Structures are given as C-alpha cells and as structure tokens.
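A short write-up of the structure that comes next.
As written, the chains take the letters A, B, C and D, and residue 1 is the first residue of each chain.
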Amino acid sequence: MNSFGRLYRFTSFGESHGPVIGGVIDGCPANIPIDIDFIQRQLDRRRPGQSDIVSARQENDKVKFLSGIFSGKSTGAPIAFIIENKDQRSEHYEHTKDLFRPSHGDYAYFMKYGENIDFRGSGRYSARETSARVVAGAVAQLVLQRFGISIKAYVSQVGDVKVSRPYTELDLDNVDDNPLRCPDGQVAQKMHELIQQIKNQGDTIGGTVTCIISNVPPGLGEPIYDKFSARLAYAIMSINAARGFEFGKGFAAARMRGSEHNDLFYLTDDGQVRTKTNFSGGIQAGITNGMDVYFNVAFKPVSTIFREQETLNRNLQTVKYTPEGRHDPCVVPRAVPIVEAMAAVTTLDFLLINRAYEL
Amino acid sequence: MNSFGRLYRFTSFGESHGPVIGGVIDGCPANIPIDIDFIQRQLDRRRPGQSDIVSARQENDKVKFLSGIFSGKSTGAPIAFIIENKDQRSEHYEHTKDLFRPSHGDYAYFMKYGENIDFRGSGRYSARETSARVVAGAVAQLVLQRFGISIKAYVSQVGDVKVSRPYTELDLDNVDDNPLRCPDGQVAQKMHELIQQIKNQGDTIGGTVTCIISNVPPGLGEPIYDKFSARLAYAIMSINAARGFEFGKGFAAARMRGSEHNDLFYLTDDGQVRTKTNFSGGIQAGITNGMDVYFNVAFKPVSTIFREQETLNRNLQTVKYTPEGRHDPCVVPRAVPIVEAMAAVTTLDFLLINRAYEL
Amino acid sequence: MNSFGRLYRFTSFGESHGPVIGGVIDGCPANIPIDIDFIQRQLDRRRPGQSDIVSARQENDKVKFLSGIFSGKSTGAPIAFIIENKDQRSEHYEHTKDLFRPSHGDYAYFMKYGENIDFRGSGRYSARETSARVVAGAVAQLVLQRFGISIKAYVSQVGDVKVSRPYTELDLDNVDDNPLRCPDGQVAQKMHELIQQIKNQGDTIGGTVTCIISNVPPGLGEPIYDKFSARLAYAIMSINAARGFEFGKGFAAARMRGSEHNDLFYLTDDGQVRTKTNFSGGIQAGITNGMDVYFNVAFKPVSTIFREQETLNRNLQTVKYTPEGRHDPCVVPRAVPIVEAMAAVTTLDFLLINRAYEL
Amino acid sequence: MNSFGRLYRFTSFGESHGPVIGGVIDGCPANIPIDIDFIQRQLDRRRPGQSDIVSARQENDKVKFLSGIFSGKSTGAPIAFIIENKDQRSEHYEHTKDLFRPSHGDYAYFMKYGENIDFRGSGRYSARETSARVVAGAVAQLVLQRFGISIKAYVSQVGDVKVSRPYTELDLDNVDDNPLRCPDGQVAQKMHELIQQIKNQGDTIGGTVTCIISNVPPGLGEPIYDKFSARLAYAIMSINAARGFEFGKGFAAARMRGSEHNDLFYLTDDGQVRTKTNFSGGIQAGITNGMDVYFNVAFKPVSTIFREQETLNRNLQTVKYTPEGRHDPCVVPRAVPIVEAMAAVTTLDFLLINRAYEL
C-alpha cells in the first residue's frame, strides 16, 4: 500500500534513480490557498546538501504541481505533484546490484519481489520517497493552520547526547537556528561535534526526534482501533529507519505509579478544561483531550557505513562490500520535516473524520 | 473504526456493562479447524480473577460462536462470536456518571460524543473490549500454525523490575508457570512482590510486554506505508494503556553506531540466509527478512487508584473522587494474550496479502 | 467483504440455518434516538409469511440490539444486533447437500471454498442475510430523517405486468396498501393474479423495484470513482437476485437524443434551482443536483422451482433434482425494504463524507 | 475518492485543460512485462479524432511512465504515468465559466466545491479522465493474459439501431474493423449513418456497449457485498455518462420465469462443468461459475448539443447558452476501451483477492 489516510489520503510513487518522486493527495478540502513557498521550505529542510553533517548530494527538490490547484487554491480534485530526480550517480550502485547490503532492504525486497528490483540508490525503499510525504504533509499543515493547529518537531537526541529539558521549556521557534534542528543551542553544538566525529570515522549514528501537535481540539481519534495514538504510531513507524514510537511519558510510564502518572483535570481562570500535568500526551482512551499531543521517534543509525563488511550476494556467495556514494552520517536533522508531515496528515485525517460525525 | 485489518479483518462491539462483548472475523480462510479449546485458553489468560495480583472480578468469559463455522471448521463466511458480560456491578459506577475520572477516557469521550455515553465500567473504552481481540487473534494463530509461525509474549518489566536477559536466553514455554507471565522465575518473584506492595498502597504500576513472532517467512509487509513494523505499531498501540512501541533495538538504536547496529548476512551450514545479529528485529526496509520479529510495548499504570483525587464533573465543578470497584494494580500479565492477538492478526493479514501478489 | 460503506459502515454475519443472522453498524453518529418500532416494521416488510404470494415460512424476525445504544439513543459505539433463526427445517436441505442446484450459488461457493460449505437453506448466500441489511438501512433512515431525506421503493414490474405511470404520478404513501407493494392498485391486482398463477404452476417470476430518494441535498457523491450513481449501483447490485440497475432514464437514455435528454435549469418562484425535466435522475457528473434520485432494479426469477430438473452433484454425476421446502414465487414485494435499506446506507455514507470536507 | 480497487488499486488525477492527465497503479504484481504498445493501442482506441463520427479534437495521448517499471517489467512498486494535454482550446470555455450548462456537472460541482472549480473543458469531470482508466485497465489486462482471461467490448446499440444477435454469434475479433466498434458490419453501417445524421443536426445520441469477460475461473467475487456483479456495477457506473448496468439477462430477467431462466449444469465430454444456457452471465450468488461473464452498459447522449438552450448562471440569472468547441455526437465507440479497462481492473482485483485466501 503506497497510500496513507482515510479522508485525507495520499499516494506516493517513484524511485531514487527514476525520473521523479511524486505523489497524489486525495481529499484536500476545496478553496485552501496553496502556499507553494511554505511547501518548498519544508522540502528544503528535508533535502541533502544543507550542511556539513548531512549527505553532500545536491538535490534541489523543486516541487511541481500537476493538478488540483486552480487560481492558487485547491479545487477539491486530487493534487498531483512531482519532484525531479537530479544529481543521481547510478554508477555508484552498479557494483552493489547483486549484493544484499547489511541492514538495507535489498534481501527483503529480493525475497518479496524477485530479481527485477530497481536497486539503484535503493530504488523504491530509498528515503528519497519521503520527499513526497513532506509535500503531502505541508499541504495538510496549510489546512490545519485554519484550525489553529500547529506541528513542530526537533532533534532531541543523537547517540548519547540528549536534550534533557522538556519541550515546554524550549523555544521551538529556534529549531532551524542550527543545522541540527535542536532548539537547545548548547546541546546542538555537542550533537554537531559528535556527528562530525562519527562521519570522520566513516560511521553513522542514530537519534530521536520529538514532535508536538499544539491546539488539537478534544475529540479526535476514532475508537477502538483508530485511536489517535495508534494511527500516529502507524504513520510515524512507516518512516524509513524508525525503530520506536512513544507518546506522553511513553516507555517511562512503565516505571511509574498511577498516583504519579494520573493527569488531574482542573478549570483555568478563563473556563478551559486542562490537566495539571500532561503525562498522557494529550490522548486519553485514544482520543485527544485538548492538551498538547507530543511524541518521540527513535531512528536507527544509517546502514551505509564507509567500512568493509562481509555479506552475501544473490547467488548466496560470501562477498566483501565497501560502499561508494554520499550518505548521511545521521538522518535525524533531515527527519524533522518528515515527522512533522506524517503528524500533519494523521491529524488532518482525524479532523475531517470527526467533522463528518458531528451532526 | 471498530475494525482492524485488510484481508483478515475483525470488528468488535459491546460495552463493559452491556449484555455482551463480541466480534466478527471477516476473511478467515475456509477449512481451518477451529480449536475452541485453544481460543478459550487464550481468553482465560486475559480474564480477571486469575491470581492475587489482578482484579478480583469474576468474569468467566466463555466465547460462543454464532456463525462461520460448520462441522468444526471455518467456511469462509464471517465468524461472529459473543462473550456474555457477567458479575458487572454497575452501582460502582453510578456515582462517577458525571465525573471526568483522571486519565480515563471520560472527558475525551464526552467531548467527542456528548452526553449519551455509556459510562458504566468505562463502557466502550473499557479494556473488556480486548477480549474480542483475543478471540480474533486466537483464530489468526490457528491459521498461522499451518505455516509454522508462532507468537509468544511475556512480561519483561514491571516498574523498575526488568528482565535483563534477551529473549533468546529465556525458555518461553515457561511463560505461564507464574502469574506474572514472566519466564525468568526470579524476576517474576520480584515483580510479584512489587505489585503486591503497590496494591496494598491502593496504587498501580506500569510495565512492558515483549513479544516474539518466530518463523515468519521473508517478504511480509507492504511498501511504503504498510511496512510490517508500521502496521504492527498501529495494531499494538491500539491496545488500551499502550504508550510506546519499539522493535529490534528500538529506542536503544538511537544511541548506536551503524558499525554496531548493522546485521551481517551469512549462509548457514544448511543453506539458509541468516544475519549474525538481529538488531533489525527481523524487519528491514519494512519487510520481514526471515529472522525473528520481536518488539516491546510499554503500558502506563492503571488510572484507577484507590485514593482520593480532585477532578471536574460535567458541569465543570471541582469535585473529589475516590473509586470503588475492583481493579488491576498492574495490567501487564493480562496484556500478554492481547499483545499476542494483535501480533497474530497483523501477521496473518500480511501473509494473506503477500500470497495474493505471488504469481 | 461482508462489510459495506466508508463512514457509515455495516458488517453482516450469520447463515440461514445457523442460530442467528446479525450485523454491526459502525459509524452511526451519536445521540440519534433509535426508534426500534420503525426498524422492526421495516423487518416485518421483508419477512416471509406476510401473504399468500410469498413464502409460507414463519420467521418472526425480531431484532435484538446488543450494543451501541444507551438510554434509547446511539452512543457513537458500534451497534450490534441479532435476529434469531426460527422455523428452519434443515431436513429439507439434507438431500441437496451434494447437489449443485441450477442457478443457485452451490457450485460457485463449492469452487471457491471447497467442501465445508454450510449448505442448509443456502447458508450464507441465502437471502435471509438481507434482514441484516434492513436493520442497518433502517438505522440509516433514522439519521437521514434528521436531514429531511426520505426513501421510498415500490414494485414497478412483475413479469410483463408493469406500472406505466411515472412515480411522480403515484401516491407512494399507498405502497403498503396491497401485498404487492405496488402503489397502482389496478396493476397490483394484475401482478397478484400473475404470481398466483405462476405459483400454482410451481414456477417463479422476476420483476423490478423502483426507488426514489427525495430531498437529497446537492453535492453528494465523491469524484471520480465514488459517483453517487456508482456506489448506489454497487450497493443495489449486491442484493441477492439483482440483475440490473439504472437511474434516471437508464437504458432508455441509450435511445434518446441530447436535445431530448438534457435537463434545463430554471429558478423556481421561491428561488430554488431546479431542472424542468429530471432525466438525469438527480445525479449529474456523479454528484447529486438536488432533484429526486430515482432508480430501477431488475430481479431475476427465484431459482427454486417445484419441478424436476437435471443437474450435477459434487462427484460430477448427473442427477435429478426436485426441491422441497417453502419458497417465494416472486421476491420483489419482499425486496422493497431491502432496496430502501441499501439506498439509505449509501446516501447516509455520502452525507457524512460530504460534511467532512465542508470547511 | 479518486482511487478504485482493493489489491489492484489505481488513482487518477488531472484536469481536461491542466498540463496532464495521469494515474498511479498500486498493486501490480512484480515481473509482469509491460507491453507499452498494447497500452498505447488501447489509448488510441479511446482518443478523439479517430473518425468522422467522433470529436475532431486532436489529442495524441501518448502515455509516459514515471515509475514502477525496470528493465521493461513491473517491479511491484507503484506504476505512475502521465498523458500530456495538448490541443486544448480553453478560450472555448471562457464564456461558459459562470454557466450551469444543462446536464453537465457544472451546477453539482459548484454546490459541492464552491467557486474555485476548474471549469475549462469540464476540468476534473471531463471524460478526458478516462484515459487514465484505460492505462490502468491495459496494465491489468497484461496480468490477466497470464491467466488466459480476455476482455472484449463492442457497441451493441446506438439510438434505436441495435445488434440483434447474441455475442456468441458475432466475431469479436472484428470489433475494430469499423469506426463504430460494432462487429456486425451491417448494423455498424446503420449506426454510422444515424450518427452522421444526428451530428448534422447538431444533436447527440446515446447507446450501449456490451462486454464479455472470457475464461474467468470459478470462485471470483467476495461475499456478501463484494459480489463480482456488484463491484463490476460499481466500476462500470463510475464511467462518465453511464446510466445503466445489467449482466446476464439483466432487465429481461424481470420478465422471465424460473423455468426459463435457470441454467442447468452438465458435464462436457472433456469433464468440464458447464451450464446449458448462461442467462446468469457467469455469476451465481455473486461468484463466478466459470462461464463467460457478460454485461451491458447504457450511455446517455452527450450533453453538449450545438443548439441554443436556456439555463442559469452562478448569479442565478436566466441566460442563453450555445456551446463552442468540438464534441462527440455519440460516445459509445470511444467508450469501448474504457469499459474494457474497468472490467479488467475489477477482474484482476478479485483474482488477486481470491489467491490470498486459497491456502
């Protein structure tokens, strides 16, 4: 299934070294001004070549819309778009054609689809596909803005370097002030140093992204299987290299007592229902309660390391493998807009569904 | 959406204090012998009243099938079933009718659906709904057994008490030897003591469940959004009280280097492709690679604690609340069959889908 | 797929000679008063034993709701219901167990599912399943009433006996005045005579049902594949014995010229946009235009005739077959509430979807 | 919903006067040789400008594939494609911008989506969208060919001129011998004359297409709502201008007796189960029985007639309207490949689903 969502639904297509990556958004409400600059900015945050700690590939990733927009606004028809693939160097991959690179999808895809895989640049399972998600997510954000809902993500951990302060103590408007997309400047600096060191070793490193969805109305999410948290996990865990998802206190909740973890309701001075703590991450019984939704995603280290490794080829012979090409030592700074995108499409989908049932 | 799955799809219905909990399984292949004893055993593992550390409610939870089975085998028609609700004590809930109990779904449901919520025993958002999942999962397991696929879960953490050994060093056939469903007997004993202590304090505690899907064929999972890991996260995070999901090294991968994390392919003496480590948790690029799939789920502590708490009622007045009734101090031992069930339905769904595309 | 619909979605289960027929409605908005008498009346219109021209089976078909209703109103949770099967005489079917009865589903099901078919009374492919549709449709009608939308069907043809007047010249409140459910009393009388004659010959006869959906708001239907007409055709053609569907002028439009067929827009005295004719049947480019939606369904004659026929059995031997049991000489009078039901679920589904996208 | 299908699923996008019409096919099995010439031939059969009785617009409709094909074969990844729009004359539409053209979708779309409709050449609701269906259908046909399944459609009626012989007496290999796509040459000649006469009058005329799916294996279709006939009706009725669908004896079955209509099973000399007649159109109880599936579609006359008509504009003023541009006097010859396409995608979808459940 190369589609995601129920009422706000998008489909992506394209391979890393094919002519384009693209997508189709189905279910964007009509009459939404499509701010192409905003969409392009989100794409720019994802593309390689932004700084010295991400891949040096030069993909300028210009989105081109093919349908569904008229006079600068959505029409209700499907919004198709493409992003041309440039600066591909397929020759870097020719020698890996028959290899099962360690911890890549080569073997799993070979077993699923047989011989005719487009192996160039990891083909369909390349993270390049995520550029389509960013476009679909940015359009969703344009709709969500009408409802005052905003989505912000940042890098909260690289290797052992962590942001220790909770998001509520950070200035999320600073996320793009450094190439790490970490709003704590001092921590960002340490992360930067760590990644450079890792890169110099030809190695890679994992990390986490934290994301906050603010001003979500209460009542989003659909019992019993389409809990807001469940669909969010589905959306987020579909991102390349994602290995874990948690919301609210997440795995830390496993160590807590009910008397600590319970969020107590109270009334604000201006008559709003709020909870004193928000360990539930804005979701109770799977439904949003009006508090911030926040969650963490763990990303594994990139599999392409510049060292010789032993593996098998399609003939099941043991072979040596040393990659060529240009790869990220750490993906998390570039994952930030992707996480935002998947959070946006999930939130908008639930918003639309919820409106349907309100008589 | 009270349904889950694409080709193996089930729908659940019923409220905690309604006449029944039930479900409909659509897409069970024909001619599968339906081993009702096996299904009932899985249900028995979920029900309360099994030991001194779970709720004392006496629900005998007998499943009754209404359709789709003929001569003891599935016919291909939908398999409907009900489980009667007994030993309900709705009077325990009458006084909470208008309350938003802390960290329960009362407020979120009220905001979503309005006044006419069946509040008794948490109605639809009660964990009692999970008995329907267990039945649907047990039927899925009966199909998976034909393919040699087995699914085993166990309690890996309660509060700060953890199983430190990896699952590969445990005997998973021992899971039911103690009420904790923890295959490490010494750790189980400590967990047991912790829960009793917590229970005596009228408090509750969180925990984690670890689950292993063994003998999964390579090639399961559907790119790009229906990665095996993504649908598994969706399934698992739809379980009540789930707060986090991770597979393979999960959140620990965020601290690892590529050179540590990469799983190297090799050929076994009998010609099987395997990886030397399995930090990927059997899933690469979202597709199974033939190694064990394993994952962890974090559960928050139960919200019902036997202490006075302050909260709001439907009239937005601040009120005191002390629960009555019988509740679990820790849900994880009873969550084990539920986790297995959701893993089973996800695996079977992908198995069926994959068969469709193999020409 | 034993489910139908996107946002208003129902699932049916049960076999003709199993303990129950039942269903689950998912997506009924909350706070709808559930008028059980109305639902039961629709069921009563479908059941056999109503008159001398339908099957003499005595099924009293009492619906029993299991969930999703609290204080007489929907809660937003799934509404499950069962109808007990009574007066089954499975012995009538024992001798047909191994036969492929002509024009029944026996052979097709055998080829699809293998030996373990519940053959008794046609099992799953019995028209008894339609009682679940009638319940789901009646609940949908309760929601549609809030929007002033009404749905009325009637028998418009039996064999060669046809209602020649258009529906606009008939009094649809008279539909239930005769057992034919034909609002033209004189035509109804001729139909009645024809069916009695057919019945005396041990034969059966086909017919058509016409249905009108009134007061549909403009804008329902979802381009491009979910045209109102396309989903309506899908819903209607899923009814047992349906062989044709047409809306507006239908097949007659194939003989018309554009200059005859075009519906010209005009403004009514009270400022409403209407068309002078309604040959489009209220649907243009797949979307409702505010005029009545009307359509016809053709039903084939019942396959069970009380004559000896030659056929094959599961061993592919040629055998003689003469049915026993009680069967309808003509199904169309009983099909009326089923057609209304499928029209209702389709209309409500589109109504909900359309609301989702209106910002 | 601009997508159709479950396991073989396609999405279309694009407007009549936008840069492209395009689509994405998701779920094409891997390793299918993609015969682009075959696909292009089907497209050529749909395009205008083929003869003197269809629109003189010159759209050369070259399909360009963007993804999912490698070394000439499908990879299992989504197959995206575009067809550039050329020879558009948007100026023909400028004067109709604010008009509700009679029996077009202008008013219904305006009520659904508001002001920002791409009205040029009917935008999204132009029949130009069907070129995407033809591509998706042609790819499906390439897969179906592996299973020996073939799909052939022809024009069976234009106005009152009908093919009286059943399809079994026609040579369907002759369909493209005349511009009518009618395999009965004499009837084709009369149809041709009728259309020319209609065209000279500035008028249009309806017609029907008959389609045969041969060599369908028994067992396709999914009870209870996804009957083969129901999904086929859904697919076919989603085609622009379709007004009716019938299979087997269709509406004629309403006039038949069971003793006439029943198809009797027998064994062929080479041990095949067949029916003596095939009034069921190869579908019994919604499931294919191995006989030919055949069906008819009724198309209304094209709404654009070259005569002055009265209508309303967006300000609800009464105005005169006379179209410009180039339009078909009769769409049915060009509808033939579209009907084949929708039949192909439906059949393939069921074939894949059926394979999933065969253990």
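Note that in this section a contact is a pair of C-beta atoms (placed from the backbone, for glycine too) under 8 Å apart; a residue touches a chain by one contact, two chains touch by 3 or more.
In this text, all values refer to a predicted model and were calculated from it rather than measured experimentally.
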| item | value |
| --- | --- |
| Intersection of the contact lists for chain A and chain D | B, C |
| Minimum number of chain-to-chain touching steps separating chain A from chain C | 1 |
| Rounded Å distance, chain B centre to chain D centre (Cα mean) | 46 |
| Distance between the centres, which are taken as Cα means, of chain C and chain B, whole angstrom | 39 |
| Distance from chain D to chain C - Cα centre to Cα centre, in angstrom | 26 |
| For chain D, residues that touch 2 or more chains besides their own | 1-3, 12, 30-31, 76-77, 112, 124, 223 |
| Residues of chain C touching chain D in the complex | 1-4, 12, 100, 102-105, 107-109, 111-112, 122, 124-125, 129, 157-160, 198, 203-208, 218-219, 221-227, 229-238, 240, 242-251, 253-267, 271, 273, 275, 279-281, 283-290, 296, 298-305, 307, 309-312, 316, 318, 354 |
| List of chain B residues in touch with chain D within their complex | 6-7, 27, 29-32, 76-77, 143, 146, 223, 352-353, 355-359 |
| Residue ranges of chain B touching chain C (in the complex, touch as defined) | 1-3, 9, 11-15, 18-20, 22, 24, 26, 30-31, 66-68, 70-71, 73-80, 82, 112-118, 123-124 |
